[in-house]
């Protein structure tokens, strides 16, 4: 779970990258970094924390030049330290190079082992470092050729930005797991994980980068090529369901509209007798509105999300325990009291949060709670960049829907079907999406069997 | 704009105060402080910043004892410095005393002048310090008597908490401008600005403190008295409209429900031909849902609020200006495109934010924007604790509704009537509320004519 | 233990105050603060820490105006918190007032009790706050008259700076316990604890402020008066022996020269058979050089002081304990090996440090260690501003010199006599100095008998 | 200019490393870092700043295990950023490896170019990273063999510590430019740049590591080998003259004693008619005492060094300029007034500091200032790890002694001869030292001609 942003040919490159990263902050809150190029040399700053905390005006002013790339990160590997913060910046035979990566490789252990055998050293735990080694070891003469040669040895999910002294390069893997769009901001070209970053800097969307496509942006403009034949589109369905910001257009679809359609479809498949429909904010709101519209049951606000949730809270030792959800969400008694409630959420992972939410709703007076999930049960871990736990921890891997309903103390529980999901994204068989987390049908070979 | 929280007789007094302040964070984001009592002596910690940033586990552990009071502050006086952060803590003839104040006095300048003439020194710009002087100068023997004598010389808005080595005292001014509730958390009694703080710490609401009431909590329990005869209730209507958190119960009314009724009433009074109703999040959501329900026009999400809005952002120098609203709100194109939109907000102050919102909606494709405000035009400044600007800056003080509509570039603009407002709060003539910001009818004499 | 610095009529008032405080940093390392006046209003900044850490260029730039006072503090009261950091700044009937205090009052408890009885509140633990109350309560019309009236009720040690919008005032108590000098820096007048602060800012010494004298500096220049008749001079002998910086001229005496004379006198009184003389750096260096010159025994460096001693060190848990002195001082084996050493220090307080030093010297190879102290035994606590412990902790209060020698494991131990001390400061009977710490003859009544 | 410390087999490895680095703080103040091993895995923490500021008790507690290495750094390359802070820590085919380096390679550019040609990436500007690449690329099976193979390709100055999961390795280059000693602390073995680090942790010196020697410390004890034949000893003379701490024993010589001998020799070669001898503290003190003893002119303190010099000071804009030296040193008027003064310093680099010191002494009343330097003129830059500027900036490269005397405004100026220097270190022809900075006779080939 990461976000990337790059810009080429704009007087305020690092400042716009900073704003672009802020717009992508939902994709990663653990570290943030920017590398800029002044045409001669690269400069890097990165640190743990939110974009607004990591960068000061003084730091931004030192990230000089007309091109830049940036990264926000939420560790996919569980280890989260400064050494893993991106962008990475190195020197190699071709000069300086910075890289920002969204996604996750599936053959990184093998790559790493092989690179180490031939003398490579690794300073991070990140699979991205293997890509840099492959580029540096390529015997090709141009950066573009080196990138292509390197990525041809790599399997898995990647939307990658590279910055050299003179060029900005964007590449998307042949399956197109992670999003990447091309935009324009005045004289400059932009590459970003989501369109919301373009909106914030008042840029315009040009188009989505295709799966398997590489774009090279330099003084002469944008050059495109398709070095990696796309076997089949494998766009991450979970970006639509939960991860992307709902004002983005992703894979050509409005995320908000998609989520609303998920709710409409869910209402068709899994109706409920109830007095009102509420959402688990914020990602469940669109689906809840769709559910309400389709079902005719009024939509209302039953849960409020705090704007001030810090990441470290000092918990009481004795009187109150397991505070997490309460700090983030609170129930609206006036809405809930004496009501039969449909509550719409996007997914259930371990079930613990859903359990707390249902209990909170009942404590606030709801007499029935019908939990509706706007996607199928998550039964398989993601190896392509979404931070899901192992099967053992995924409640739906080992429990029936009835068992889950009992655990979360809901009066009823129902999920959207896989067909319903496909219908909502205009691809009934979901042939252009990766749905491995629901189906277990991974699009690439995996290094080890999923656990 | 401040929030107060106090607790007496609980093993984890300072920790619960910390959590209570977090729940009241929307009432003030500039500074936070806690004073605890271990029965012998008081301990204070306060600093600039959010509750979660000001307090560490180490600091909380040093705030020992079974009683505590806390405060979050947004400067009502424009000057915002550490010296004005509350609680204040002093020693005086009666021992140690801490105070936390929500509200604003209208005779503080006169009091201050008079106190200074008789030799008092002031270390802050806050009107609260005058109250402490009056208490210290009282010849009465008990703290309760001193507090009553002091407050009898004071005019204006106050919900006050006092903490001594042995007692927690809460007082609300005779008009009851600012809220204050009594709750219970296990063995301990709680006083808080809003019920949402009770919910977070899993306490229960006992009742609202009455206008003019004083409660004294000590080892023997809760003692109540009504030393200040309430002339007339003057509960701040703006707490209901905008300021309080919507999951709170305030003045006996569910804030969420009130806001929804405001929307319903607004739809009755000010209908619009449109395809959908959207809210300016978060305070406009309840009213927008009410408007949608009453009008039959579908409710949808047209604006999304960022979770990561820091207070200081590094703005681009050349390419983009006037960024503020865009960092906080973004428009959902899929919802808005080609649509006639009713957008519901709670109020218009200067008009600049509304103008940016309307422009943002049109840039995202809305073909008509009908702005509906769920309260009457704000034409007078508040002297009772809400931070509104002078009449010169209040756009409705000097412009007609048509002129405002033109300025904000809305296709139509309409406000809720004062009668409609009264109806929504079950008090058609608003005889138990202060509506001075709408009507100019101030409930107390003012030191100077409103400007 | 504190230092004060003030300047009036200089374009860079706050910057020079910052530098002056840096020069006085040895007088207090716990907190630092500056108040400046732009002629209309005062501005304050203070925080815990060293001068160089507390102030940034941005903070200094906000402390605008042509006059300023500053303060460095080492708590005399044992409690050390931000609320006690000086300068204090208040508003009162006469306008704004800031105060910086070096010294300690002996009737502060009584003053405080009396002020509290008449309604005063205290926000700090500092005795300085009582002085401000007395000024504010004075019925006199000018600040000068108020200050005189206030200080006439006060007993003890004070070198005080007051800053109002238009004036800088300096006052020294009738005994002249603590130093205070008047200087000039270009167009501006300076008041400072020591001449070293003048040297750093390239100012010149005008003269010492007399005991009992008040100087008022305003647009018309320097006005002097002597409102407090000096009964008898009581200049702190310990400033000369240990506390002041050795490059300062204090009470008309070069501190360095005085300390050297102490060493000369000590050699006369307490010779030793030895191979070399070393100092406990830095305060013992001048006396050691004097001792060496007089005795003819070569001076050498046997102990080195670290430049990087932070105040909080993480000590090993098991293998090494009682680290303090080793982090600050290290022994030079080459100098010490096989030698009989005279080690000169300025004083012994508890004896624990001396014991560690002697052991360190012997571990480094010294075969005999003769400890010579360049002042008489400290047997009484100071109530005038030096932070000495109670009699119980002062080793010389309850132990003979032989017992102390045994405790510190020295082969011999000898102190300078009181007569020798007087001789070194050109006042054989020490009639113009306070020597209470050596003699127990306090110059003022004390609130309680010394313990 | 760097310091290294390592320990193997001690329960408090990271805590003792922290203390050891504190003792070596004079060797580098810009960054500090520690890597520990718990036998299974390495842990790293490093940051910009002083040892006491970089490490907290929490950080130390996370650096678990019985072995550790640490590093303090002052950039030799001019670029100083976190990425260059050491130790470096990597994974490679052999597992995990950390390295800490004191010294400077002379063929690092060529090595880097060659490594980059074969595909290596560099994440720092440090020459140390090249060594790690060479180790990782070695086909040898053990770490020891890899280290030897790697270092056989390297030219220049290095005292290196390596830490793997199971071993601590120390190596010194064949010339022995930089110091490295072996010590013992209870059950553990220690490697450190200087003996002062051993003294602080109450360890004992075992012996100096020989030029060209490698020691490997593991569970079985200390294993030594001499893989690199020492052509000729080239111990850095400047460590003795200036860089090392004077309480250390370095290259078998007491640094303090050496410096004193330099002063004695200087007095023989370059007498002066004067009333007293003073030092530029702290590094000039030993030589000044030697000069005084030899010449019979009394030693005294004429300059005092501040304990509170921070690295960033806010300078006045108008009234005072060129502040640097004044913040660090102040003159003692009482000592200097009317005196003819010999002032002893260890070296002159650019001449600007000496000029300020001479002016300061005269401003304090000295009537003659005779500057004596306890080493020959520095005329060539160091490529072996001391941060000297280019020839253009070295005043003695382009000016005669008379010209320098005129520039620094001294009444006379004289340097120690090269022969005198050799005599003081018991090696009259300096055949076992590197004196390139004085002679231009570099012991290794250089990549480019010295400039």
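Every chain is named by a letter (A, B, C and D) in the order it is written, and numbering of its residues begins at 1.
The rule is simple: a residue touches a chain if its C-beta (ideal position, glycine included) is under 8 Å from a C-beta of that chain, and two chains touch if they have at least 3 such contacts.
Just so it is clear, the model here is predicted, and its values are computed rather than measured.
Colleague: Would you kindly say which chain has the C-alpha centre located farthest from the C-alpha centre of subunit A?
Modeller: Farthest by centroid: C.
Colleague: Can you give the whole-Å distance between the Cα centres of subunit B and subunit C?
Modeller: The computed centroid separation for subunit B versus subunit C comes out at 49 Å.
Colleague: Using the average of all C-alpha atoms in each chain as its centre, how far is it in Å between subunit C and subunit D?
Modeller: 36
Colleague: Can you check how far apart subunit B and subunit D are, centre to centre, with Cα atoms defining each centre and the answer in Å?
Modeller: Once rounded, the distance between the two centres reads 61 Å.
Colleague: Which residues does subunit C have that touch at least 2 chains other than itself?
Modeller: none
Colleague: Name the shape of the chain contact graph, picking from line, ring, star, complete and other.
Modeller: Contact pattern: a closed ring, each chain touching exactly two others.
Colleague: If you look only at subunit D, which of its residues touch subunit C in the complex?
Modeller: Residues 10-12, 15-16, 18-19, 22-23, 25-26, 29, 50-53, 55-57, 60, 185-186, 196, 199-202, 245-247, 249, 254-257, 282, 285-286, 289, 293, 298-301, 304-310, 312-320, 323, 326-327, 330-335.
Colleague: In their complex, what parts of subunit A are in touch with subunit D?
Modeller: Within the complex, subunit A contacts subunit D at residues 44, 83, 88-93, 116-123, 132-133, 136-138.
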